[in-house]
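Two complexes come next, and they have one chain in common, chain A, joined by chain B in the first and chain C in the second.
Coming up: the complex of A and B.
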């Protein structure tokens, strides 16, 4: 299947004068194909939000791409995310964004309907009446009463506002939607219904959703494929079911094993130690100071991401490369 | 005194602002009992359910509009005199959600610990040092490792361990922890949660654990109270309430947890409002 987005050897830093640069992303490789939900999991500081910033083309100092290539592939046309002009042309229409906090993207003093109109008017070439009718029916489609269009953001609950933002982000049927912790701050019952909405719209429109969340449970429920990040790199990526059934990276294994479950009294342990400071990351594998299976080799050499099983990639010295001459593999598979 | 907790028909109302302000019943006729033995009671609910208000009432930071709360021999908020209030504060200690708010960023973290020791126990500086060192040891830290350091030198997990150490200094009977792990990463959370269970078992401290996370509540609680719109809709042994919920709201809540290993139905919105 053709790729929709490719990330090749991406390294990005936050650079501040007088301080050592923070290596937020180091040699990240993966790609997205049409019509899938890909979850990005990891703890705070693992680089998942930086990744979204790069993908959406929001590259402002102190964030800087040091190396690598990130590009969208739309109908045979290749658009580098660093091309600000091209990116603003495709934003909302081909690539859109669901933020963590809907309050921060909605203007608090403008009615929802008007804000919705702005998004549409900039990209769709429709008559005013036609647009209005379509917005009304779309708002109902995402499970909101029509009156929200006449409301101000503060008059809506958190769940309703998140639905509004999802409606705005998907109204023009973009190929790619970037979602940054889209249900953080919502109650679990509302969270479930918002996730269901995202998945239903994704399936219906055949969109690709890249969803960042720290909650492994959400990825288990919603993502088709999960990318586990640690300290700025991809530790493991696999189809979600395989990842949870048989995680390969010691970090993923420990992370999943630390989650308590209802009806299961077994003792759960945290991973010892803390994530590293990215201004001075440890040499070799970044997980080695916390890894129960650490070997001498791990302290010196950063393991490349290799395909151990079909579509299951892991960056860990426990899994030797099948062909030692191969350079770091790029996961771009989807059967 | 003991760590028993008796909440009897407690209601707390607030008036929202402005001349047309409405009265909100944040806690609505709640009764709960925790026996006089080391217990972890979880107050579980979503935002606006009243769980934090109830926690603040137990700590004496708020006064109930109606009803009474007794912790051991004290009726919360009805202590006469400074000595009695201090004794209450020694016995009932708080831990808050955000450890970065617990410690003053421009002063060494140990200042907060020494202050707690000196203010609540009347210890001299030297005695305080012994108390602080002992409390730190209980949570697996050494005074020499943390002394003179500021909060930015610690990870969230370490800081939350320091807040637990701070709470332990006056040798409390009851610790009220309001969302103590929600600001922590998944890989660090269980350290703090396991520490509570350990302190219950070794030091006999009871906990009120306020959370929206049903999985950790199940993991450490002896008892659970599910709150919804100010009311306790279901309470009892944690195992029973969370694995065999009887109230419709508890069922919906349990069904909506994104648990690893329990896949939502294909139509995973079924039965969810």
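Coming up: the complex of A and C.
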């Protein structure tokens, strides 16, 4: 299947004069194909949000791409995310974004309907009446009463506001939606319905959703594929079911083991230690100081990401390359 | 709900006026300056001889005609009875012209000058500040900021004097007007009168615009810079909304809230006149009148002007309260 987004050898840093650069992303490789939900998981500071910033093409200093290539592939056209002009042409129409907190992303002194209208007017050439009618029906489709359009943001609940934002992000049927912790700050019941909504819209429009969340439970529920990141690199990526059934990377194993299970009263194990300082990351495998299966080799050599099973990639020395003479395969999703 | 919101505001409006005017009535009467004594001592200093009995009789006479006889409370009661009909008694310094007539004559000059120049400064300062705050990196806007920062802290009396010096002596581009219009012109709606009024008002207006422009510019710039980093402005940019929409409906619209409040307050305070401006430019407004009243112990005139100012500021506050919910929907009708 043709790829929608490719990330090849991406390294990005936060650079401030007088401080050593923070290597937020190091040699990240993966790609997205149309019509899938891909989850990006990992602890705080693992590079999830930086990755989204790079993908959205809204790079601002101090964030800088050091190496690598990130490109969208739309209708046979290749658009590098660093090309600001091209990106502004496709923004929202082809690639949109659901922010982390919808609490404060809506203009507090303007009615929702009006704000929604501006979003549509900026990207589509529709008559006023046509826009209004379509917005009304779309708002109902995402499970909101029509009166929401006449309300101000402060008059809505957190869940309703998040639905409004999701509606704004999907109204133009973009091929790719970047979602940054879209359920943070919502209670679990609302969280579930919001995730269900994202999933429904994704299936209906055949969109691709890249969903960043620290919550492995969310990925288990909605993601087709999950990318586990650690300290700025991809540790493991696999179809979600395979990943949860048989995680390979010791870090993924710990992450999954720390999830609570119904009826299981055993105490959950957490991962000891804390993520490394990305201004001065440890040599070799970045997880080795916290790894229970650490070997001498791990302290010196950074393991490459290799495909150990079909569509299952892992960066760990426990899984030797099938043929060490061959260079590591570039991980590509083959759906 | 709306009705309750309005009635609470109205009630506090009336209360504020009552308390304000009461304070304004009593404070001048506690000052050591007395209009009657001022006139008597003036007579002495001019060399005329008054025997003590005659002086006493004169004092009685003056106090009677000034309405200053009786206890303070009696005077206070009488004051309210007359004030409610708009009568603040005769002026002492321009006896027996009624205070209300003096105020009415001075009012158009002050209000015309101050309202127009405040509005110009407000619009200019806010617009420039908005752009300077939003396009922080533009070199042109930095220059604008440097100008505002340079003007803003200059004390008004120095700025005013510097302006007079520059425009009238160093580069004599136009004459300083004395008074509101050229001497000898009869007030009326003739073209000559209006042009003369405009010419005489230009310099004082410019001085006021310069001084308040700096403040509006700097405060708006700070607001715009802050708003630019608000989640909803960043998200609007992420959504690729039109720049005009972002600037006007997101940044300006939200920055307007504190600026409108301050404008209302400054327009309310217009009615006490601009003391320094008017004295400096010999302008016949309320400020000059207030200065005369204070210097001569003219209680009635002082109270009249101050009461007008109290009512004006309270009214500005009331109007603001009533219209603010239209500007900011988050204000609750409670």
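The rule we apply is simple: the second predicted complex is superposed on the first by the 330 of 335 C-alpha atoms of A that agree within 3 Å, B and C clash if a C-alpha of one lies under 4 Å from a C-alpha of the other, contacts with A are read in each partner's own complex, and residues count from 1 in each chain.
Throughout what follows, a residue touches a chain if its C-beta (ideal position, glycine included) is under 8 Å from a C-beta of that chain, and two chains touch if they have at least 3 such contacts.
As the structure is a computational prediction, the values presented were derived from the model and not from experiment.
Taking chain A as the reference chain, the count of touched residues is higher for B when chain B and chain C are set side by side. Applying the stated contact rule after C-alpha superposition, one finds that A:154 touches chain C and leaves chain B untouched. When the shared chain is aligned, no partner comes close enough to touch A:305: not chain B, not chain C.
Look at A:110: by the touch rule set out above, it reaches chain C but stays clear of chain B.
In the superposition on chain A, A:22 makes contact with neither chain B nor chain C. Of the two partner chains placed by the overlay, only chain B lies in contact with A:260; chain C stays clear of it. Residue contacts after overlaying the shared chain place A:278 against neither chain B nor chain C.
According to the touch criterion, chain A has no shared surface contacted by chain B in one complex and chain C in the other. Listing the residues of chain A that touch chain B in their complex gives 43-44, 187-189, 191-193, 195-196, 214-218, 220-222, 244, 254-256, 258-263, 267-271, 274-275.
Within the complex formed with chain C, the chain A residues making contact are 56, 58, 88, 91-92, 96-97, 99, 101, 103-110, 118-119, 121-123, 152, 154, 168.
Residues of chain B that touch chain A in their complex: 46-47, 155, 157-158, 185-191, 193-194, 212, 214-216, 218-219, 242-243, 252-264, 268-269, 272-273.
Residues 230-232, 234-242, 245, 249-250, 253-254, 257, 327-330 of chain C are the ones that touch chain A when the two sit in their complex.
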